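Each remark here refers to the structure printed beneath this line.
Chain IDs A, B, C and D follow the sequence of writing; residue 1 opens each chain.
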């Protein structure tokens, strides 16, 4: 049993343990324990990874394990990680850990809730560790499906509608993706040798350009749907609005990152020529979603909608940066994924906690909460500052890396678009401050809120975990960015080698 | 050994029978009649087989045997069909095909 | 080479203080945490003075020029092999000078606040934020590269946001803080874009490399022209936009008056002495580039500065809220500094304006802090911001009265007070380069004297007002800083700036030019005289004037309706005509299409149900036709 | 030729023996313990199923009219497993009073249809094929009308028998064309002599129509829904799984071995019909309320996906089709098993009746969910792998557009499968299906189905074994 597979095994074991439990009161303890273990695993993985790198191990992927699965199709269960996936795994375990505590008070069908939550998590982990397109796709769909039940059963508002919409749209994405993957597979060896699903092997060959022209858009859009690429983002506001807290956290925090990660790891990495050729189309789309999402957020009244639109904007930035296809921008994209993951998870956690107290998410029905629940309010302010890119918090690092990187693009068009994207930071500031001002500051409007309790211990755990990581990245970004940078290097090498620009 | 009638005549007859059968199947309202038109179709097939066998491939008897089997099977088919039709009559007190449409959409 | 590495503690100490007070503050006794903050600042003040002394008097010069010393530097975030954000400490004349200014004023304000904020709730929070601000400001001035500057620039912005909104339950305060943050944020967008363009051209963030007059950045940094101006010019204009925002120059000045909603010590520290001059500091920091490879941008600086100073001075004459008057005077004084930079050139006697601007920055910090703290003391005493509700306070608040008077004289430029010297240098510089600007500044000098003494007289003299409880002098914690700063106002004028802080670090020979100095003093006195006539005693003149120039007065009183304009743009244009339509579009077009697909499918499935009619013969018919269709298709059409 | 060579047709012989022994048992069984017969026949059939896996000589009999190879054995075994499951599931239903008289008929007829299917699969000559196909159809019609006192059942019977008669008439007409143009009915020789002239293509199309009727491919599918709804649940599951599976098997064999010459034509045919099939099937399934009807349409769309495996004419395609049928047997029988259990216990067959099922019967609803996910092709259950391989097979020959259409269709199907899941988990209901504990056979059968659904996917060895036995054009 290799270390990476443990990331899938531990959740599965946790699920089994939960199912075997008789009384539902222990369920959350067990899940907390399991996911805590997972968090430790992630930490140790980071350490192992860095030590291995320091030991001078310069392979593209580390801890590679490869089991032949379907011989005739050359499908493997192949796992391996580089700095990027290590970072994503850490992110995931953090968010899941926080999510468990954020949903501490789920009463209805508690067992099932945690089972589906952890099932989702295991799908995500599997996605990040696998380097075989088949297994990747398998885990991808595995992660998407529990979402339906999680939103449909434990959600609020028009939950059936949102859940169905979300599931179908994401599945639509994966439909395009499937065709794209098959296309890659059957072009994976132009010299007629053995076809393969293994990313590393495919990356060594050059997929014929005509094929790339067809399959790059399919793959990119397929992942893009999950990455909230305009105009395929509309599942996100409804989905987030209806989803229960932990699910929003996981979904915005981690699941949407699958899109960015895949778009980068599969679409661009394997088909760089087409990516370079067609990037302008998607650059336009992504920069639309950056600006558009931000403006959309200004006009919203529901906290979750605001956050959903801001997620659209931030994730748009991820895809935007990925398409710039240079070291710095991509580095920024990855950092942005992580920072946005933590940030938005934090946001949704706090929104959930506020909702749990005030039973409304409409900003104009709340006010002056700072005086009543200082802890949560201060955390909300911090989250907001992180999201509008305050130095010392993760958002700043990510965005600056993206902007500087994107602005290094040799073509004027890309630089101008970058300036457009940069302007989003002001719009972000506007809607964040709007919320903070209306929600937390000012006199207390509603006398019913006078005696709301502040955060409980489990809520504090959940929130502090996230804030801690956000601040850690913000204060000391160098280790993260170097860890990613090293792993990015071969990828960039390949891309640049193929399109010298 | 050619009996003067050219093969085309048989084939034309068979075709006519076939389409007559189809027509009957589509237009007749009585289940029994529909069954009969199925028989018509099958018999047209028999004629085809026999004619082909007799004129084109006289040295083998596949066609002949095939048509024998068709006749046999058609008989059993008819038996089951009629049994069911009787049951239909018990249930619906009619054997008009149009009235037998509880299952739809 | 002296070891300056200890300077890292200058910014670091307040940060630790902030963490301490921010995380554990509510556990400590308020008093204690106040003392903590103040003590920390005290140490920093000492350190800064030591640094200043060592730098100016013991660090060796290279052919008579002060060197830029990078005390320490480490890579914080690597972008590309050339571009990386470093955090470090850069010592050169202006940064060291700023150290002195910031630590002094900040220290004073801390002491002052101990008294002023005594029975406010959130006392420790206040000191935590003050420490945060000090940290950011010190980090800003010590920045070794433009990106570090940007980082602390943002931090300064946010701490000012927090401090303006300190009374977070007061809607006006909240609004003001929001406004301040968003306006400056918008300006910073320009700054960031400027940085991007600059770094794209020069492939470096580092100040020393950038501002090296013989370095590549300046010599062949011009880059290709874009819309008639060189890329370098564009970038510098964008960078200046950031400065305009922070320093509340026209047209981004609107946040400053509202910022007075914050506690008065905050106004003194942030919105008078230190943060608002960050823009000036920025331009001074990049000065070689402005002067040598983006002269057009420098002109922009000059004109913006001149216009703002006039504009603000005019408005200041009509305001009645004393803090707002001071705010506008701040704006106009900073306009002076900008102008001075704008008319300066690099090196030699050209650099007079540069020196003058820095000099004025220094003196201004002192007297403006003094003014604000004095105003604080007054407000503390009468619990009102409006001079219409004051008068004859001189007998109640003797100390405040004297110090305030000194400050007013200083700003009016009356010798031998420090304001006279710095302002005189500025006028001289303007005179030598651009007569129009010189004339403008001349007028402004008069106006300044006028509105300051309008303030002074109507507070301390004027009508005898009845106070429902008699005002009393502030406690020592508040008066002592006043006195210290007053002394500062008197002596700082004699600091030989021309030897210490110059554009190229070399000594600049300059002496007071009588034929500029004397008229400026005269016009100052003139302004004072008018104010004396109008406000010394209760008189009807002001009302008369207000009535005669009704419209223009109204126009000026409402600050030329700039705020309303902004409000219109943001509320109406952005909100009503962009974001709401976007939201609508998202719901009713993009999302609707997605739903439409689903509905169409449903609809079709309902319409085709007829095929499943339950009629055996219909089925058979479809069967036969299907077969025949296929046959036709594959025999004739698509073989 | 010694008697030993008859072992080649071991499956058929055993089945015939079984049928006869059931008949004899019926005669000599104690009339008041008729229920025992079902146990007897299930055990008997179980034994046969197990024997089926014993490797047996492959070869041909009757001068090539009967051919047996590894592939055919595999197919027969798969069918055996399916039939066994159906038998076990039907025990509860057969216990009912009104059926007690007809238990042995039920087994007798089903076994004889299975014999017919086996003969079809092993046919080397169109005569055997024809006899097999009729033997496999006519008894089903009798069984569809099994519930003598239900109008729907009778209607299902008549619809099935008449339309199948018509279809076999068309099929035979096609055959006669083929015979007329080639002069032989041996698969091997037809394959040699087959040209590309219009008469032959006409013959082929008619033949294909006849087969399409059995697999219920659009536009030859209209009987399906009505018959499925009308006939008893177990017969429906038998129809939807076994008959369909057998028909697919024989179609793929004939296409690959008899008509390789006109591959271009039948690829186009399949292209058109598969697109039609999955789309129409899905569109109809969306609106269904009655679960049997619902599953009928879903099985139509499934047939559409299956065609994707055939279209390539490649070995991978054949393998994926057989594999998918295996998975499909487990998944569909799982779903039908739940439907059977619930309709036996409560007589409820509508989706609305399932509201809040999870509250009362969590196990059943979980099984249903897994089965539906498997049908929809959601990992980690086997259906995902099955679909993936089908699509891979089609993509291998470059039918990317077709694959895209197919996957988009799977989204529609996911939608209506989720409707059922929604009913069970999310919807609230005043009077949900009350809690009940189904008897051993049902639970046993469902257990096997779930095991199949879960294991078949992960255990790559199954797919590899199938692939080694399959072949391409």
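One rule holds for everything that comes next: a residue touches a chain if its C-beta (ideal position, glycine included) is under 8 Å from a C-beta of that chain, and two chains touch if they have at least 3 such contacts.
For clarity, every value in this text was computed on a predicted model and none was experimentally measured.
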Inset, instruction - Give the identifier of the chain nearest to the protein's overall CA centre, each chain being represented by its own CA mean. - result: A
Legend entry - Chain pair, B-C or B-D, that carries the greater number of C-beta contacts: B-D
Legend entry - Chain centre separation in whole Å, for chain C relative to chain B (CA means): 98
Legend entry - Inter-centroid spacing, chain D versus chain B (mean Cα positions, whole Å): 27
Inset, instruction - Could you tell me the distance, in whole angstrom, between the mean C-alpha positions of chain A and chain D? - result: 43
Legend entry - Whole-Å gap separating chain C and chain D, where each centre is the average of the chain's CA atoms: 79
Legend entry - Numbers and ranges of chain A residues touching at least 2 other chains: 168
Inset, instruction - Give the residues of chain C that touch two or more other chains, as numbers and ranges in rising order. - result: 609, 612, 614, 616, 620, 624
Inset, instruction - Provide the list of chain B residues touching at least two other chains, using ranges where the numbers run on. - result: 25, 34, 100-105
Inset, instruction - Could you list each pair of chains that touch one another? - result: A-C, A-D, B-C, B-D, C-D
Inset, instruction - Going by the contact rule at the top, pick out the chain B residues touching chain C in the complex. - result: 22, 25-27, 34, 97-98, 100-105
Legend entry - chain C partner contacts - residues on chain D that touch it in the complex: 158-159, 162-163, 166-167, 170, 198, 201-202, 205-206, 208-209, 213, 218-220, 222-223, 225-226, 265, 268-269, 272-273, 280, 283-284, 286-287, 412
Inset, instruction - Could you please specify the touching residues of chain D with respect to chain B in the complex? - result: 126-127, 130-131, 134, 138-139, 141-142, 145, 148, 150-152, 154-159, 161-162, 165-166, 169-170, 172-173, 175-177, 179-180, 183-185, 225-226, 229-230, 287
Inset, instruction - Show which residues of chain C lie in contact with chain B when the two form their complex. - result: 609, 612-617, 620-621, 624
Legend entry - Of chain A, residues touching chain D in the complex: 69-73, 75, 134, 138-139, 141-142, 145, 148-149, 152-153, 159-160, 164, 167-168, 171-172, 175-176, 178-179, 182-183, 185-186, 214
